[in-house]
Amino acid sequence: MFSYTFHWNQALKALPQMLEGALVTLQIAILSMAIGLAVALALTLFRMSGNRILNGFATAWVEIARNTPALFQIYMAHFGLGNFGIHLSPYTALLVGIAFNNAGYLAENFRGALKAIPETQTRAGRSLGMTSLQAFRYIVLPQMLRVAFLPATNQMVWAILMTSLGVTVGMNTDLAGITQELNARSFRTFEFFAIAAVIYYLIAKAVTLAARLLAARMFRY
Amino acid sequence: MFDTALSLADLGFLAKGAAMTLAVTAVSVIAGTVLGIVFGVVRNQAGPYWSLPLTFLLDIFRSVPLLIQLVLGNALQSIMKLGWAPFTTSCVVLSLYTAAYCTEIVRGGISSVPATTRRAARSLGLTWWQDMRYIVAPLATRVSLPAWIGLTLGVMKDSALVLWLGLIELLRASQILVTRLQEPLFILLICGAIYFIISFPIARLGGYLEKRWSPND
Amino acid sequence: MKKTSVLAFGLVAATLLSNPAKADKLDDIISSGTLRCAVVLDFPPMGSRDESNNPIGFDVDYCNDLAKALGVTAEIVETPFPERIPALMSGRVDVGVASTSDTLERAKTVGMSIPYFAFEMAVTANDKSGIKTFEDMKGKTVGATAGTFEAIALEKSVKEWGAGEFRPYQTQADVFLALSQGQIDATVSTSTVAQSNVKSGKFAGISVVAKAPYDIDYVALFTNREEYGLINYLNLFVNQQVRTGRYKELYEKWVGGDVPDLSVNGVYR
């Protein structure tokens, strides 16, 4: 049935190179998550602000991020912005694309989490003499982060998976980029991509595990 | 920007691409949901220990980038000399991908039905099948539907990746036009708008159902 | 007794019918009546699409000629660069007519014919970059189509220079889009592709500025590694195309200028 002979030993020689790529992948995922969290917080505040322009801006961001493909967003960050003479390197374009996507989904998660916190708590805080920002910072935010932590972990895994889309904008240093280059050179598609799949799986599992340990430490009652 | 070489025929080309996106999505979501329901019920019946192999297998589909899955699936079918067209390969891979997520949703839905309710049903003399059909299914569907709509939209957007295998779906159709007409921004904006128009109303419907059907409102 | 002889007859008949030597791919193509070629369609002038989005180009014509020689009809299967090999392996196409460089690395996986086309490498630069020669690219951001002969050579050059950046894009179209937007300063591509893209007038502000000092990129038809019968046929076909002047004719139609020599001095094959 198979006339194809696997050349695993040749593919495994590229393993160190691929592991280096995995580090870049992880780096982009973490950075995009950090930026995404910060922006998502800002978007959440915008939505709570009651200002129509800020609210509209935040809503537009969230809806576009959630209703168009990530691949489209990354392609847009590179070639769409390039049209205006804004030149992002593949690395930056990928980072910006994923961060944009992360921010949209995280902001929506935060909104869901906010609903779980009764408004009476904020009012109680205010009547204790806190400013509205203080009430948000000390009462709402910690609870919101707790509720939103699990969805955020999922988003982190998503971010790792999304980094693989960088190959479409000329990224060649992350895991998918290196794998694709090795493949184009030798035509040994299955071997290289199978190794890449295993590495992605391990990264995703490691991140999930780390998040669980972190949650266990951070959210002890 | 409004001075464009984009012709009506090209818009038709984009529409064809969008139709391909929808076709791949429809096949994958239907097949994936059927599989997901079967796997979800199996996992619920077998318990965490016995369903471990299935859990592990499905987990792979959720922990490896879809792009890698598609390339691997395509390479595998080529090595096995199955001779599948890119459409078939794309649908098979996307269906399994959908099934992996759908299983979780179904399992969540089933376990949201209180055990006491089910025991009550069984003690009234309902068979397992009747219990599933008349008690669990309606209750679990309510809980799972919003998440399922989210999944469907996710698959619709992720299906953009099948362009890698040479299928001319919406995004690939846009790229072909960009190559020919050299108006990247304008064409990409149209492409984005089409995705948005398909996705947004359904997403809103999901949000509405979630609000309406959430248990404690 | 009668029963056994009928059975024996049946067996003999079955063996006779099924035995005549195992049909190879060449037989399969002829008996099926269609030749399915993998062609890359974002690689003008070798393969592209006309206004009604139908496939055209040198490779498309070449496939049609091959089909005619075989006495079958041609079917063009569009494959992006990364999809060429899986398409062949899975039996979705019979032959690749896809401007595939005949590297030794790839020959470990697929069977290559003798070269049917040869590319010289040219530097195309964005006018704003000020690049005029190959050496000017040192320290600049350059790009090429991932995995191609020129991409591998250019990436090596960038590493040797120790300055600048190399970016591989997945399609030739993306490379030129990035070049005209100024995302990259220059690219090395086959001179035919470069000329064709610059001449098309679709990309503002780019020009072919110099030749790149790389080896000539010979490209071959490819099929499954073990299909010697078909590979033999392909070799003879390429030879005949040159001999009959059809190669020259196609070259003038799609590219124009001096026809590249397909033979290498001082060695057989």
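Per-chain numbering from 1; labels A, B and C assigned in written order.
One rule holds for everything that comes next: contacts are C-beta pairs under 8 Å (C-beta built on N, C-alpha and C of every residue); 3 or more make two chains touch, one makes a residue touch a chain.
From a predicted model like this one, the values you see are computed outputs, not experimental measurements.
If each chain is drawn as a node and touching chains are joined, the picture has every node linked to every other. Of the two chain pairs considered here, A-C and A-B, the higher C-beta contact count falls to A-B.
Rounded to whole angstrom units, the spacing between the C-alpha centres of chain A and chain C is 38.
Taking each chain's centre as the mean of its C-alpha atoms, chain A lies 20 Å from chain B. Contact with two or more other chains is made by residues 3-4, 79, 82-83, 167, 189 of chain A. Among the residues of chain B, those in touch with two or more other chains are 71, 74-75, 79-81, 178, 184. Multi-chain contact residues, meaning those touching two or more other chains, occur in chain C at positions 82, 85-86, 89, 177, 181.
Within the complex formed with chain A, the chain C residues making contact are 81-82, 85-86, 89, 103, 105-106, 108-110, 141, 143, 146-148, 152, 165-170, 174, 177-178, 181-183, 224, 226.
Those residues of chain A lying in contact with chain B across their complex are 1-4, 63-64, 66-72, 75-76, 79-80, 82-84, 157, 160-165, 167, 176, 179, 189-190, 193-194, 196-197, 200-201, 204-205. Touching chain A in their complex are the following residues of chain B: 60, 62-69, 71-72, 74-76, 79-81, 153, 157-158, 160-161, 171, 178, 184-185, 188-189, 191-192, 195-196, 199-200, 203.
The residues of chain C lying in touch with chain B in their complex are 42, 49, 51-53, 78-80, 82-83, 85-92, 171, 173, 177, 180-181, 202-203.
If you check the complex, the residues on chain B that touch chain C are 9, 13, 71, 74-75, 77-86, 163-166, 175-176, 178-182, 184.
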